[in-house]
Amino acid sequence: MLKIKSTIAISDSGFVFDAGTGDSFSLNNTGLEIVRLIKEGKDFPEIIQKVSEKYEVDEESFERYYYDFVATLNQLNLIEKDGED
Amino acid sequence: MSKLTFERPIIQRINAGLPSKYGMPRRLDPISHIDGTSIKSLLDEFGSPLFVISEQTIRKTYKEAHRAFSSRYPNVQFSWSYKTNYLNAVCNVFHQEGAWAEVVSGFEYQKAIENGVPGELIIFNGPDKSTDDLRLAIENNSLIHIDHFDELYELIHLSKEMGERPKVAIRVNMDTGFYPLWDRFGFNFENGEAWDALNRVMASKTLDLLGLHTHIGTYILSTDGYRIAAEKLASLAVKLEKKYGHVLKYIDLGGGFASKNTLRGAYYPGTDTAPSFDDFAEAITSALMSSEIKPDHLPMLILETGRAMIDEAGFLAGSVLATKRLADGRRATIIDVGVNILFTSFWYDHDIRPVEAVSDQSEDTTIYGPLCMNIDVIRGNIMFPLLKKGDHFVIRRVGAYNMTQWMQFITLRPNVIMLDSKGKPHLIRKKESLETINSLENTPEHLKNFEL
Amino acid sequence: MEKIKVNVALSGLNNIDNPGPGIPVIRGLKESKILDVRVIGLSYENLEPGIYMHDLVDKTYKVPYPSDGFEPFLDRIRYIHEQENIQVLIPNFDSELFTVMKSEKILQDMGIRTFLPTLKQFEERHKSNLPEYGEKYGVKVPYSETITSLSDWRRIESKFEYPVVVKGKFYDAHIAYDRDQVSIFFNKIAAKWGLPIVIQEFVRGTEVNVVALGDGKGNTIGAVPMRKTYITDKGKGWGGITLQDQTMMDLTQKIISQTQWRGGMELELIRTSKNELFMIEINPRLPAWVYLAVAAGQNLPEALVLLALGKELKPFSQYEVGKMFIRYSYDMICDMKEFEEFSTRGEV
């Protein structure tokens, strides 16, 4: 399961600070919601359900966006490496 | 309760420390229509990619340029530079507006004649005029701009042989403070070669010297070079009148005015730096008016500007083929427009916009064309929204040179349409097919069959 | 006397080891006895120190780069103007000047005043135009030629003596001692800044500078000459001292009166051992060391704002000679929350 690194603090404005590396990032609103859901330990089916309750989005597009987003989180080193499986 | 619109989730690194290339993120406004016609509907009807030319914009630009010069100078004539865009429909819009034709090859000359331009209103420039071309131009009373001494002597020879009096002008190159110097065309001003050529023409008695011509360069952002060029040509005109009592009919300042495209690597965008027609007109006409040419002998001022006349009117619309992520994490968007049909992307950072409304979020993106070639890059680094497969885009200011320098490479050249002043599309050049290409080829008998 | 309240927006808050002029200009404004200035900072980066210097900068907004064009720049200024009612705008970066000059009329219609050189004055003093400039205004400049290829250089090489200075059109300068070095620097600069390249006679001597302010009618409102007493490896002044030098003052006044210079300027000069002054460059804005002039008795930033507001000013008649500055760096402790605010919302 996906796990956001424990050193990461996320504020309501979408500002992300990684205390482990000193890097900071900014999230847009949907990005912020998804990261929070991941942090809460939700898996993909749960996340897609939550999101589609609130937003106008079809499953196929969301899946595409979601995996692209997660790949970016990985690229930015925000995902716990050993928590991946 | 209605649901919210979903925006693609995005995370971006805040660049702490190193200054980024991009200050505040800036939104790229989509362009959905050209002259009131939906780009998407045009792509549906004519296929993707698609060149779209706005007749309205051509006419508006022409009128603007003409006003800038004619409000400052009594006798102004524009001449359409065929090489910039010689699609017949485009040429004819200019001819309807009153422009003559300016051609640089036998092929272009024939095109102008076929379009119905009277021979005496065709300016024949360039170093490549065959003997047959010259004969035809002499018969038609066209204005032949002499590029080198070989041509000058050939014309003297032909004039005697044909018993005609060819109408000529001398092309002059000069130092206008603009680099590189285009000293490969015409006769040099500073070393006296241009004056020698003029003396030779006058001495021949068989050539009718009508004008002087110069063309100082291309994509020129400073108006000062034109002022210097106009002064230098005016000084030659004054010298001619003094020595021979010969009054020139025209001075041709050529073209080279910058369009609003941004040169690759330029700091400021072309929309900020390109001088207006008024700026160019002011520099050129004030130099002529304040020269020592007698007021009642002021020659006609001819302008052959191509790029600044047509760039703005051309659009290239197309579709996204795929998006991917490069090894270093950057975005790549692959589109169906390559450098083979958008030649100018080698020297411009073209303004490319999404057609459909997309997210405000943009990312550092490289935009690639569809060719299997590493050089096929339309934009190296651009803050661009992420489009998905099938989304549309439009590239602005592609009217100059692309529809003459394009190559048939790997794919075929697409349809070109013109939107008339009511926004109605007309197909002005059909897209190529396999047949178009194959019809030019011949396979020898012994190569027709094979077994695999 | 009651102070005049005025809202001034300015950039150049990068008060780092190679500082922009923003903070020194603000210090001058804040010390004004005539003006009560609210300072609105304009910043390109999240880490420009000025953003976090609240005793000097009242509020900072992030702005787009001038390279995006003046439309996005103006859009942002419009927004800031709605919040802050900007009365005077002082661009402190060379790269902004062109954009702001081009938008001067629009800004004026919005009620925002500037006090800048005209586009003609700005273009004329470009490095590649220096020889014409020198000739036109009777100022000694190093002999220079413009080249577009190395074969150009071989053609004119005999007119020069090594070493020569190889310069880019906008930035960059290197001293070359032989043809090989010319070719190295030529290629290096051409790759970065394009053509043409300017080859300039190398003038040996001491670098001296003048900060000055012209009123646009030919009058020099103020001018203070200075010599850098120590120069960092980046070529920036580490320390400097005001000079008493009539020739430098005369030269400055001559340039300002002949060009009708409007706005701040910095003259970069070289004084040779024969005591001749050569002009190397004109920077069309107040320099980062302008606070030395303030301390020496000429508050040029204040005067610039007053001129922008349309006030008539009497020129400064004197300044303190032998006033010194020493530049130092300082580790300011900042609140992460503010960094967050500025980087996510673009204002703080």
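Things worth noting here:
The chains carry the letters A, B and C, assigned in the order they are written, with residues numbered from 1 in each.
Quick note on the criterion: contacts are C-beta pairs under 8 Å (C-beta built on N, C-alpha and C of every residue); 3 or more make two chains touch, one makes a residue touch a chain.
The structure displayed is predicted, hence computed values, not measured ones.
Taking the mean of all protein Cα atoms as the centre, the chain whose own Cα mean lies nearest is B.
Looking at which of A-B and A-C shares more C-beta pairs in contact, the answer is the pair A-B. Separating the CA-averaged centres of subunit B and subunit C is a span of 38 Å. Between subunit A and subunit B, the centres computed from C-alpha atoms are 49 Å apart.
The distance from the centre of subunit A to the centre of subunit C, with each centre set as the mean of the Cα atoms, comes to 46 Å.
Residue positions of subunit A touching 2 or more other chains, listed in rising order: 24, 26.
Each of the following residues of subunit C touches two or more other chains: 339, 343. Residues of subunit B in contact with two or more other chains: 14, 16.
Every residue of subunit A that touches subunit B in the complex is listed here, in rising order: 16, 22-31, 33-35, 51, 54-57, 61-62, 64-66, 68-69, 71-73, 75-76, 78. On the subunit B side of its complex with subunit C, the touching residues are 14-17, 19-24, 26, 179-181, 265, 267-269, 271-273. Touching subunit A in their complex are the following residues of subunit B: 2-14, 16, 325, 329, 361, 388. On subunit C, the positions that touch subunit B within their shared complex are 44-47, 62-72, 76, 95, 98-99, 102, 146, 148-149, 170, 194-196, 339, 343, 346.
Subunit C makes touch with subunit A in their complex at residues 336, 339-341, 343-345.
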